[in-house]
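Each structure below appears as structure tokens.
The two complexes that follow have chain A in common; it is paired with chain B in the first and with chain C in the second.
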Partner chain A sequence: MASMRKKSRGDNLVLRYAILGAWALVCLLPVLWFLSIGLRPRTEIITPQPIYWPTFSLDAWHMIWSDWPMARYLRNSVLAIIGSVLIDLVLAIPAAYSLSRYTYRGRDDIGFYILSTRMMAPAIVAIPIFFLFRNAGLLDTIWALMLIYAAINLSFVTWIIRSYMLDIPKELEDAARTDGASDLRILWEIIIPAILPGIITASVIAMIFAINEFLFTLLIASTSQAYTMSVALANFTGGSDGVIYNAIALVAFLAFVPVFIVVVAIQKHLSRGLTMGAVKG
Partner chain B sequence: MGETSLSGTGAARSAPARPATSRLRRRPRWLKTAFPYLLVAPAVIYLMLITLYPGIYAIIQSFYAVKFGPWQPVGFANYVRLWGDYQFWGALWNTLVIGSIALTLQCVLALLLAFFAYRDPWVRGWRIVFLLPMLFMPSAVAFIFKLSFLDARVVSDLLIRVGLIDGNLAIQSSVWMSRGLLILADVWQWTPFLFIIFVAALQGQDEEVEEAARLDGASWPAIFWNISLPMMKPVIAVALILRGIDITTMFTNVFIITKGGPAFGTETISYFIYRTGFRFFDFGYASAASVIMLILTILIAQFVVKRAFVSARS
Partner chain C sequence: MARIELADIQKKFGLVWGVRDVNIDIADEEFIVFLGPSGCGKTTTMRMIAGLEEPTEGEIRMDGEVMNDIDARDRDVAMVFQGYALYPNMTIYENIRFPLRMRGVPRAEQDALVRQAAGLVELTDYLDRKPQALSGGQRQRAALARAIVRQPQVFLMDEPLSNLDAKLRQAMRVQIKHIQRQLRITTVYVTHDQIEAMTLADRIVIMQSGAVQQIGTPDQIYNDPANTFVAGFIGAPPMNLIAGRLADGTFTAPGLRVTGLPERRGGKVTLGIRPEDCHVTVGADHLQGIVFGVEPTGETTYLTVKAGEKLVEVKADRDFRADLDTPVAVGFDTTRLYLFDTASGDRLR
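Up next is the complex of A and B:
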């Protein structure tokens, strides 16, 4: 139906496809360039004349597994991220329930406080948190990363889940309440199953932010003991050889694949998630 | 029905309107009042640990000289020094310049793309393609920009081949070209963020209003400008705020691509704090800068963000 309406409109299709097509190239070409860097030998990266048709090579692939503890970086990333998302859900679901289902004094201020923590620049809190973790003996551990990622994403996760909870008709709960179910049982047995898409969306977005996080990881993880992929990349330098770009590009591509798959899976909910529930896509 | 559902869920506050059924549970009244607070408390306490505690810590530390030895109280000396520190003001200025140009560019681009894409039959396909840049780790994107523009000079080479320039671009020795590079990297990676949100907002609007305007003979650009855009205003505000926060806290790209140079011309405020604290170990001074940033953040959050989110919801 949508396409039929378009035909009758007679607006400028050439202009439309020229612009959309051009931007699609802007998005795609660097990505292909990226891939070509990851699959070429080191000698063909920084050359007097750039090489556009490199020799195919799996140098980078062998290098990331043999020269670096890649398996450990990967494990650190995965554990820190999953742990942080779990912490977020445990804290955010009750909080969102409280913010969306009860009326009480200070509710809006509390909600706004949670939202406003998203505005805090990492650099502002970096120094105190560095000392906090140092005194707690948590520097250079994935526990510290887990706690910090959870904190960064908590506001986002809470607001997204809250927005989905607001959409649930109250009649649904009232029926259960007349049957004598407690508030917590209603939350567990009715609300949570009903907002599962929201919970998944929030988790995926939290996961992406955690993968991307750089400053805190850089400060907290000082050795490869706790490096995640994101920061490990910044250390892919072979001393006198300079930055090892093909390894960086390949690792980034490997990390991209799972992210791409989950994001496409939740595409419908993405805009709502990215605006913390302000846009219902 | 409406009556009971209201009092049912709002029971925590209005004790007299307690529904008959909840008597079965016989919970003490104080627990009923406290219950919603108890639910939200863990999240709030956790966030306070990460915001309030560091805030107070930074305020205290900003009145001390903290280098390697014990803390030496110095009064307002750190703030006085900040006031006269051209690098601090420079960092504020750079953050503002880089941030506002990048934000404006990506907002205009995203609006333009969303305008053309949202009624296209292949809108789902466009969305996936346009989303790609956003899904790479920012640190990796920064490296690829560094490689393509600086180390391997691919972009210079391409521009020479096309005939736009004669020799390699000397990006690293030009403040404005370096800023441009940071802006470009941000625009490339994050225009998708705004695009996805704008497309969703356009698709979510009432089609009948558009149809009516079209039947009256209005052109599409006119409809977009006069009807769609005003309707999107709250959404645009929220999206720009979220993006604006991330741009003004820009760190990764500066750290990897320019290291703040040349001549501190691309040093953002985040990088300034990082450099002062973790490169020169001047933690007291860095904390003073953090406190200034904290105050600005709170002011902006109170007056801009709160209003934007409230109007987006209604």
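Up next is the complex of A and C:
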């Protein structure tokens, strides 16, 4: 009896791994596919005949580093994204604190208004934003990218952090206050550590959005001065060389890897954060 | 180290009354205990003293100085919260040290103070743990240690021992009383536990539905209750309260007749008698009824007598036994009878 039960549980486990493994393969297949494109010579990619034994080639790898300022694109991406996330946190944490802790007239309206900035199509504000940045002399700089990424992500970063703050019992702050802590200290020593998973979650999601951002980056960056990885991809499509598929695939893969690593590393926080943000309004 | 005056304090949460007309003058170095049923406003009163809640009306003074507009941070009180409120990201050690850091106690002195406080609540072995890794009782003791680690003007303790087992509770009770006496710190203490209230308090404040029912020493509260609420709330088992009529110095209720009472009173009156002031007699006496239940506790036996529709608790001899429904007579110690006005519940003196 006992052994039967054990056996059935074993079968169950095999089945479970089989299903999960199959699902993981389905998800990873495109990634592996474009990695394989990136590591093959151009001629082999565009041939209509199926190829069963692909040739390995680092052509694209050499090309993206020597013919294009890929290092600078990468640097631009990294700086713009990290900068934008920092701006978001500096603005969102106090805003979320206020929205979750104080009661004042119009608080919920303000909260909704902040969220609603996420609801319109970005194209609507593209032109005004272009002029805004031009007048400020910020076109073609990574500062502009930082600001625009921060602006795009600010609403939901605020919202996620707020939902975490709502979960902190008020008694905790009361205790800190009677213990003699100032408001800033309470925020810094009690609240921020307590909502760290939320901050990490929000930052990662903001990062992913920022890496994928294309429209505004294209609008603001007109030279390699401010090109990021996502816009650099677009560069491989025009010109006399036609579409350089293997370079596109390789750059896309390079943009994917850091995000993948970060997400795997903080997976635990992330899944908790996403569900928490989901249930609490 | 501080006198606390609560003058005409009212607290409303929207339309809900939290606390009504509270007037308490807490003397310097006094140990005062708030006692009352759940939701009667004990925590709310305490939070107002701490400065975490603003009274809707009335004044809070400490040593004569009006505190209403003084921030909680600047009131120099230490509080044990009902829900512990331990900082989840800090270890127990850091939790206990937090108030010392915030109040600018020199670094060199902090460690010894933290260890001393942890020792008093028997948590020395748990200092490196996070609060999540402690049991409820251990968390509660950590919260207590965080309050007693420094020497504030006032201790506020909201049911600080509610989650401990009987033995530990007794030990902690002694510790708290000792610390309070030694440091001479004015202490406001909330509990549901009557033994705790009786043993710790200089004076007890009995509250009900946001209003103070009586303030007095444990003796006064027990022996001289101001109304039926206080009389029925204190004592285990509580005082018997029997509604009846009083006329010409004679109180009557179904199965009950007591003579020799003050003649100037009359009408609908409730008679109060504690179970320990009753005794089983042979032959007719004040109360005639039938045995409803017998509860031997070892030390003594509680007898429940049914007279009319009323159940009356009587403390009998430890080896008293009787079959259900047998007739029984009970005599009262007539010097320890209490009379209350049935309508208002107020004591008739």
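Keep this in mind: the second predicted complex is superposed on the first by the 235 of 281 C-alpha atoms of A that agree within 3 Å, B and C clash if a C-alpha of one lies under 4 Å from a C-alpha of the other, contacts with A are read in each partner's own complex, and residues count from 1 in each chain.
The rule is simple: a contact is a pair of C-beta atoms (placed from the backbone, for glycine too) under 8 Å apart; a residue touches a chain by one contact, two chains touch by 3 or more.
Treat the numbers as computed from the prediction; the structure is a model and nothing was measured.
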A:202 touches, of chain B and chain C: first, second, both or neither? neither
Touched partner set for A:171, first chain B, second chain C, both or neither: both
First (chain B), second (chain C), both or neither touched by A:193: second
Which superposed partner A:234 touches (first chain B, second chain C, both, neither): first
Touched partner set for A:139, first chain B, second chain C, both or neither: neither
Chain B versus chain C, judged by how many residues of chain A each one touches: B
First, second, both or neither for A:182, with chain B first and chain C second: both
Touching partner for A:226 - first (chain B), second (chain C), both, neither: neither
Overlap of chain C and chain B interfaces on chain A (superposed complexes): 171, 174, 177-178, 180, 182
Contact footprint of chain A on chain C as seen in their complex: 47, 50-52, 71-73, 75, 77-79, 81-83, 85-90, 98-99, 102-103, 146
Contact footprint of chain A on chain B as seen in their complex: 1, 4-6, 8-10, 12-13, 19, 21-22, 24-25, 33, 35-37, 39-40, 42-44, 46-47, 49-51, 53-55, 57-58, 61, 109, 112-113, 116-117, 119-121, 124, 126-133, 135-141, 143-144, 146-148, 151-154, 157, 188, 192-193, 196-197, 199-201, 203-204, 214, 219-220, 234-235, 238-239, 242, 245, 248-249, 251-252, 255-256, 269-271, 273-274, 277-278, 283, 286-287, 290, 293-294, 297-298, 300-301, 305-306, 309, 312-313
Residue ranges of chain A in contact with chain C within the complex: 169, 171-172, 174-182, 185, 189-190, 193-194, 196
Touching residues on chain A, where the partner in the complex is chain B: 2-3, 5-6, 9, 11, 15-16, 19-20, 23-24, 26-28, 30-31, 33-34, 37, 45-47, 49-50, 90-92, 94-95, 97-99, 101-105, 107, 110, 112-132, 148, 150-151, 154-155, 158, 170-171, 173-174, 177-178, 180, 182-183, 208, 211-212, 214-215, 218-219, 229-231, 233-234, 242-243, 245, 248-249, 251-252, 255-256, 259-260, 263-264, 267, 270-272, 274-276, 278-281
